[in-house]
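Two complexes, one shared chain (chain A), two partners (chain B, chain C).
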Partner chain A sequence: MRLDPLTLKKIRRFRSIKRGYYSWLLFGLMLLLAFFAELWINNRALLVYYEGQIYFPTYGTMMPGNTFGLEYAYETNYRDLQKKFQQEAGDNFVIMPLVPYNAFEMDLRETEFPPFPPSWKDRHYLGTDTIGRDMVARLVYGFRICIIFSLLLLVVTFAIGIALGCLMGYWGGKFDLFFQRLIEIWSSVPFLYIIMIIASIVVPSLTILVLIYVVFGWMGMTWYMRTTTYKEKARDYVMAAKALGASNTRIIFHHILPNAVSLIVTFVPFSVAGGISGLTALDYLGFGLPPPTPSWGELLQQGTNNLHAVWIVASTVTALVVVMVSITFIGEAVREGFDPKLHSTFE
Partner chain B sequence: MSVKKLLSYWIMGWLLCFTTSIDAAEKLPNHIKWETNDTAPVWADPNAKKGGTFRDTIPTFPLTIRMFGPDSNGSFARVLRRNQLRLISYHPDTEEILPQLATHWAFDDDRKTMYFKLDKRARWSDGPLVTADDFVFGLEFMRSKHIVSPWYNNFYTKEIEKLVKYDDHTIAIVATKPDPDLPELVKDLLPQPKHFYGELTKDFVRKYNWTIKPNTGPYFIDKIKKGKSITLKRKKDWWAKDLKYFKGRFNVDKIIFTVVRDQSTVFEYFKKNKVDYFSLTLPSYWHEKAKNLDIHQKGYAKKHWFYTNSREPPIGFWLNEDKEVFKDRNVRHAFAHAMNVEKLLKTLLRGDYARLHNVTTGFGKYTNPQIRARNFDIPKVEALMTQSGWKRGNDGIWIKGKMRYSVRVTYTSDTHTARLAFLKEEAKKAGVELNLQRLDGSAAFKSFLEKKHDVAWMGWSTGFRPQYWGSFHSVNAHKPQTNNITNTDDPEMDQLIDSYRKASQTSERIKLAHAIQEKVHEIGSFVPAYKVGYFRAIYWRWWQLPRVPATRSSESFFDLFADDYGTGGLFWLDPEIKKETQQAMKTGKRFDSKTLIDNTFKAN
Partner chain C sequence: MTSYFIRRLLLVIPTFLGITLVVFTITRLVPGGPIERIIAQARQMNMSEGNTSGGSSLQDDSPLSPDQIEELKKFYGFDKPILISYLDWLGKILVLDLGVSTRYYDPVWEIIKDKLPVSAYYGIVTTILTYLVCIPLGVLKAIKHKSFIDSTSSIIVLIGYALPGFIVAIILFVWPAAQWDWFPLGGFISEDFEDLTLAEQIWDVIHHSVLPLIAYMIGGFATMTFLMKNTLMDHLASDYIRTAIAKGLSFRSAVFKHAFRNSLIPLATHFGNNISLFLAGSFLIEKVFNIDGLGLLGFESLVERDYPIVLGVLVITSILGLLGNILSDFCVALVDPRVKFD
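Right after this comes the complex of A and B.
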C-alpha cells in the first residue's frame, strides 16, 4: 500500500511529538497484552507434558481432570497438577503462565481471609480483591472488556454521527432543520437515569450497554460533521466537481469526507477515553455489566469500600490514570499531527 | 333536597337500625371464662426516657404505603404493618398471650370461636374510638375484591367464618374449623377505620397509594418525601402509652427513615454521626471494616453482639419449576448438590453463620430435625444428571439437546454478590452455570411474584407457626402475584397442606408439618443456604437499652416495633450522655471502649 505524501507527512509529524508517540507505543503494547491475556494470565497451563503427550490447554475446550489422571471430571486445576508432577518427580511437567490465576476464581484459604496483600510467593503480584480474586487478572481482563466496549461504541456512534451529520450538512434545508431539532430534544434525555432504569429491570450485557450508549450518545459527532460538511460544500472544488457532473455520492465520498478525516481522527482518542470512563463509572455505580465480570468500576468500588486494603484502590487508580493519560497524549499528538496550520502562527 | 331523596334516606336509616339490632340480638354465651394477663414479666425498661430523634435508613423507597394490594409487600411494609395494634399479642420470651386492643379474651369449647372485650380507651390516630364496628368492617375489608389481595381475600374467606358483634366493645371471631392455634389465626384480623375508608370502591388501589390512614399504634406518619425519606412521629397522647406492656417502650419522639441504597454509604453516614446505628451482622464489617474504628476505640460508640433463638427465615435458592430445566426433579436435586455452601460459610463468611437445613427452622416442635440440607457433592450431581440424560458439554457445563444447565440467579443485595460469585465458581466444577442478576429490591420482588425468575436468591419473613399454603400449594402456582415463587404443583403436597390447615390437634399438625417439610426437601425447589442466629450492631453511646437489650426473636436492637407482635421499641436516648459525648468528640476526650456480647438466648 502506498500512502500519499500528505498522510506520510502527518504521520511523521505525529511521530515527532514524542510524548504522544511513546504513549501510542505503550497503549499499543497494553492492547496487545490484553488481547492475548490468556497466554500470560490464566489458570490454564500453557503446556502440559503428560505420559509422552503434549497438551496446550490455553485456548479451546476445557480439559477435565481425568485427562491427566486426576479423579474429577471438571476442569483441571493446573496449579495443583504442577505441584503433583513436581512431587512425583517424573517426566511429566506443567508450564504455567506468569500469573497462574484467571479473573474469576477465588484463592481462598482455611486460616486467612481475603483480601490478600501483594505477594511474589503466591504469584498475586498486585494482591487479591476482597473475595480472593487476583488483582492483575481482574485489571487486565477488565481492561480488555472496557476497550472492546469503547471501540465498539466508537465504530457505531461514528458511523451514525458521520453519516447523519454529513447528510444534514450536504442537503441542508428541511432535512437539516428536522434533525437539528430532533437531536436537541434527544440530547436533553437524562442519559444516566435511563441507564439506571434499564439496569434495574434487565441485566445489561455488553451488547445491550453498547446499544443504550449508542441510542443516547450518537448525537455528539453529528454537529461537527454537519458544520464541516457545510463548510466544505461551499468550497470551490465541490462546485467544480458538481460542474463536472459528479454525483452526490461521489462528491460526499471522494471530496468532502477525505477533507473531514482530520476532524474525525482527532476525535477518536477522546471518544475511546470517554467510553472507558463511561463503562467504569457505570460499573462503579453498579449499573454496568453483571457481576462477576471483571471491571475497573467494580474494583474501584471495592477499593473505596476497603481502604484498609490499599493495594486494590491503588493499583486500579494507577491503571486508570496510565490508560487515560496515555490516550490523552495520543489524542493531543494526533490533533497536532493532523492540524494543517502547523507553522502558520499569528503574531 | 327532594322528597324522594329524603324518603330514601329515611328508609335506609331504618334499614341500618334494623340490621344493627339484629346483630345486637346475638347473646354472649354464659359459659365462657374471660381471661386476661397482667402478670407476665415486662421486657422493656419502665424508666426509659422519652424524647429525641432516631435516624434510620431504608434501602429502597416503598412503592406504596397502602398496606394491601399490588406492590404493598415490600420491606417498609413491615414498619407500616407493625405500627398498629392487634387484638392480642404474644410475650416475646414466654409466648403467653398479652392484651393489646382487647383487654380480655375467652375461648369457646368448640375451639373455633374466640371472644374479645375491646379496650374502651383504644383510639384511632384521628380521634374516634376503636369499636366493634371497625372490626366488622375490618373483615369486610379483607374479603373485598377491591383491595386486590387474593391471598387475604382467600385467607379471610376460607379461614374465618364470621365476626360477631355483641355490643360496641365485645366481639367474637369464628373460624371455619377448630384450630389449635386459634389466637394466632384471629389475632391478625385488624380493625380498619370505617370512618376513613367509607365504602370501598374499585379505585382503592390507586386512591390510597400515598394516603396516610389512621392507625392505633404509637407513631403516625408525619412526612413523606417521595423517593427520599419517611418521618414518623410519636403520638404524645397515645392511648396505650401507660399500659403495663407498653411502658418504657416507643420512646423516641421522631424517627426518620432515609433512603440510602448502599450499605457502605450507610456505614459512612454512621461514622459521620448522620445515622444512629449500623448493623455489623455481616462478617466483613465486624471482622474488618469496623475492626479498628476510631469512634469505637475512643468509646463514643458501642459494639454489641446479641445471640437470638428465633424462627429462621428460609434463606436460599428458590428454583422456578416452570422453567424448562427445573421441571426435572433430578436436576433440582443436582442444583442443591452443586452449591458449595459449607465452604462458603467456612471461608468467606468466617464461620459466623450456620448452615440452614430446613425450610422450617427454629419453630420448636414444628421443625423436623431429620431433614438435612444436600451437601456439595460432585459425584452425586453427576449421577443425578446422567440419570436424567444430560451430559457434560465442551466447557464442562451439562447439556441435554438444546438445553444447557445455565440459569440466572436474581438477587437484590450488593453484599451478596461476593457470596454468589463464590458459589458460581464452585458450581462450575459441578457443571452448573449461574448467571448473577442483581436487581433493585422492588424490581426483584416484582419479578419473583410474577414468576419471571429462574432462581430467586432470597428469604421470606416468618410467622408464628409455619405456613405452607402460600408458598407451596398448587392453587398459587403458575400465576402472578402469589408467594408460590417456585411454582410448586404437587398433588401430594396439596393434600398435606390442606390437611395441615384443617387439622385441629397440635400433635397432628406437627406430624403434618414434618411431612410437608420432608416433601419440600424431596421436591427440592428450595435449596436452603444459611441462617444467621445472631445480630450485631454498633451504635452511639447515648442510646440506651434495657438490661437484656433485646428479645429472643428480635432482629435488631433498634427495631421500632420488632416482630409482628410489636414487641420492640425498647431503646431510648439519654440526653445527658449525648451532650457529654458530643462535647468529648470535640475535645478528643476518651471513654472506655465497649464491646458487649449477650448470650441470654444463645442456642447451643
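Right after this comes the complex of A and C.
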C-alpha cells in the first residue's frame, strides 16, 4: 500500500507522541497475546513426546487419552499425563503452556473450596474465580471476546454511519430532515433499557448483542458524518469538481470521503473503548453473553459479591484500567496526530 | 428568538411521543409481563399446596382458568391492540396519572416521588462540584500551558476519562469502603438516621455520598476541563486580548475580565445536559453503591417487569432530557448576545 505524504506525516506525528505510541505498542502486544491465547493459556499441552513420537495438541481435534497409553478415550488430561511421565522418569515428556488451564474447566479439589487465592505452585497466577476457574484464563479469553465484540461493532456502526451520514449531508432536504428527527427520537430512547428487555427474552449471542448495539448506536457516527459532509460540500474544491463535470459518485468517493475519513480515524479508539465498557457493563448486570462465556463484567460481579476473595476484583479492575487507559492514550495521540489543533500561546 | 424556543418546545411533543411509543411497544411485545408472573405465582402456590392432591396441577398446565386470564388482561389493559392501549396510557399521562405498579400496587408517582430527592441530591451536587473544580483547573491549565502542572493534571484527568463511571465506582466500593473501612458500604443514609442529631445527619449524608459523587463526577470531568482550557487558550491568543494588554491592562485582569468571561460560553452549552443527569443518574453507579435512587428503581422494575414504573421513570427522564436540550440553547443565548436562533 502506498501512503500519500500527508498520511505519512500524520503517522509520524502520532509516533512522536510518546505516551500514545507506547500505549499503542502495549495494546498491540495485548491483542497479539490474546489472539494466540491458546499457545500460553490452555489445558492442552504445547508438545507431547511419547514413545518416540511428537504430538502438538494445541490446535486441531482433541486427542483421546489412549493415544498416550492412558485407559480412557475422552480428551487427555495433560496435567495428569505430565505428572505420570515425571513419575515414570522415562524419555516421555509433556510441555505445558505457561498457564495450564483453560477458561472453562473448574479446578476441583477434595479438601478446599474455591475461590483459591493466587498461587505460583498451582500455576493459578491470579488465583481462581468462585467456582475454581483460572483467573488469567478468564481474563485473557474474556478480553478476546470483548475486543472481537468492539471491533465488530466498530465496523458495522462506522459503515452505517459513514454511508447514511454522507448521504444526509450530501442530499440534504427531506431525506436529511426525516433522518434528523429519527435520530433525535432514537437517541433519546434509553438504550440500555431496551437491550436489557431484549436480552431477557432471547439468550444473547455475540452477533445478537452486536446487532442490538448497532440498532441503538448508529446515530453518533451518522450525525458526525452528516455535519462533516455538510461542511465539505460547501467548500470550493467540491464546487470546482462539479464545474469540471464530476458526477455525484465521483465527488463523494474521490473528494468528500477522503477528507472526512481522516477525521473519522480519530474516533476509532474511543469507539473501541466504548464497546469494551458497554459489554462489561451489560455482563456486570447479568444481561450480556450467557455463562459460561468468560467476561470481565461477570468477574466484576463475582468480585463485588465476594469481597473476601479480593484478588478477583483486583485483577479484573487492574486489567480494565490498563486496557482503558492505554486506549485513551492511543486515542488522544491519534487525535493529536490526525486532527491537530495547534494553539498559538500567548506570549 | 421567542418563536425559535416556542418551535423547539413544540417539537418536544412528537419526540416524546416517539420515545414512549417505542418503549411501550417493546414492553408489550415481550413475554414475561405481569400476567405471566401472576400465573407463575399461582402455579407455585398450587405446587406447595398440591403435595397432597397429587398431580392435579400437572394435568392442567395453567393454574388459572381462561376466564380469569381474560379478566387479568382486562385489568392490565392487555386485551386491546397496542395502539389503543398506548393512547389510553397517554391519556392518563396527560392528567398526570402514571398508573399503578404491578409489583407493589402503589401509584407509580408515589414510588417515584420517594426516590426523587436522592437522585436530585446527587445530580445537583455533582453538577455544582464539577463546575467548581473544572473551571479553575481549566483556567490554571490554560495559563500554565505545557508546564509540569498542566501535563500531570492532564494525565490524571485523562485516566479518569478513560474509566467508565461504574468501574470507578467498583474500585471505590471495594477498597476505600469495603477493604479499608473508611466509608460506609453503600446506601444513602444509615439505618439509625432518624435518631441522629442534625449535625450528625448532615455528616452521615456526606459520609455516604463522598464515594458515589467521585464516581459520578469523574466522567464529565475531562470534557469540562479540556473544554475550559482550550477555549480559554483560543481567547488568550486572540487579538482583543493583545490589544487590551498593549493598552496597559495587566495580564491578570485581561484574563479574568475579558478572556475568561468569553470562554464560559461553551460550558453553558453543557449545562442543560446535566438536567437529565440530575434525576436519571446512572443506575450502574446506583447499583454498585446500592443508592435507592431513580436509576436503581428503573433498573429493578425492568428486571421485575414492572412496566408501569419503567414507563413512569422513562416519562420523567425523557421530558427532562428534552427540556435540558432546550435549556442548553437558552443558556447559550443568555450568555452570548451574538447568538441568534431563527
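The rule is short, and it goes like this: the second predicted complex is superposed on the first by the 339 of 347 C-alpha atoms of A that agree within 3 Å, B and C clash if a C-alpha of one lies under 4 Å from a C-alpha of the other, contacts with A are read in each partner's own complex, and residues count from 1 in each chain.
Quick note on the criterion: a residue touches a chain if its C-beta (ideal position, glycine included) is under 8 Å from a C-beta of that chain, and two chains touch if they have at least 3 such contacts.
Just so we're clear, the structure is a prediction, and the values are computed from it rather than from any experiment.
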After the alignment on chain A, I want to confirm one thing: do chain B and chain C clash, or do they fit together? clash
More residues of chain A are touched by which chain, chain B or chain C? C
Partner chain in contact with A:Ala281 - chain B first, chain C second, else both or neither: second
Is A:Phe329 touching the first partner chain B, the second partner chain C, both, or neither of them? second
In the superposed arrangement, which partner chain does A:Glu75 touch: chain B (first), chain C (second), both, or neither? first
For A:Phe113, using the defined touch cut-off, is the partner it touches chain B, chain C, both, or neither? Pick first, second, both or neither. first
Touching A:Asn306 in the superposition: chain B (first), chain C (second), both, neither? first
Answer with first, second, both or neither: which of chain B and chain C does A:Ile201 touch in the superposed model? both
In the superposed model, only one of 111-119, 147-155, 273-281 or 507-515 in chain B has C-alpha atoms clashing with chain C. Which one? 147-155
Considering only the contact definition stated at the top, list the common interface residues of chain A for chain B and chain C. 200-201
What residues on chain B touch chain A, complex-wise? 262, 264, 284, 287-289, 343, 346-348, 350, 378, 382, 392, 394-396, 408, 414, 417-418, 420-422, 424-425, 428-431, 435-440, 443
For the complex, give me every residue of chain C touching chain A. 14-15, 18-19, 22-23, 26-27, 30-32, 145-146, 155, 158-159, 161-164, 166-167, 170-171, 173-174, 178-179, 230, 233-234, 236-237, 241-242, 283-284, 287-288, 298-299, 302-303, 310, 314, 317-318, 321-322
In their shared complex, chain B is touched by residues of chain A numbered 61-62, 64, 72-75, 104-106, 108-110, 113, 130-131, 200-201, 203, 286, 290-292, 305-306, 308
Could you please specify the touching residues of chain A with respect to chain C in the complex? 19, 181, 184-185, 188-190, 192-194, 196-198, 200-201, 273, 277, 280-281, 284-285, 300, 303-304, 307, 310, 313-314, 317, 320-321, 324-325, 327-329, 332, 341, 343-346
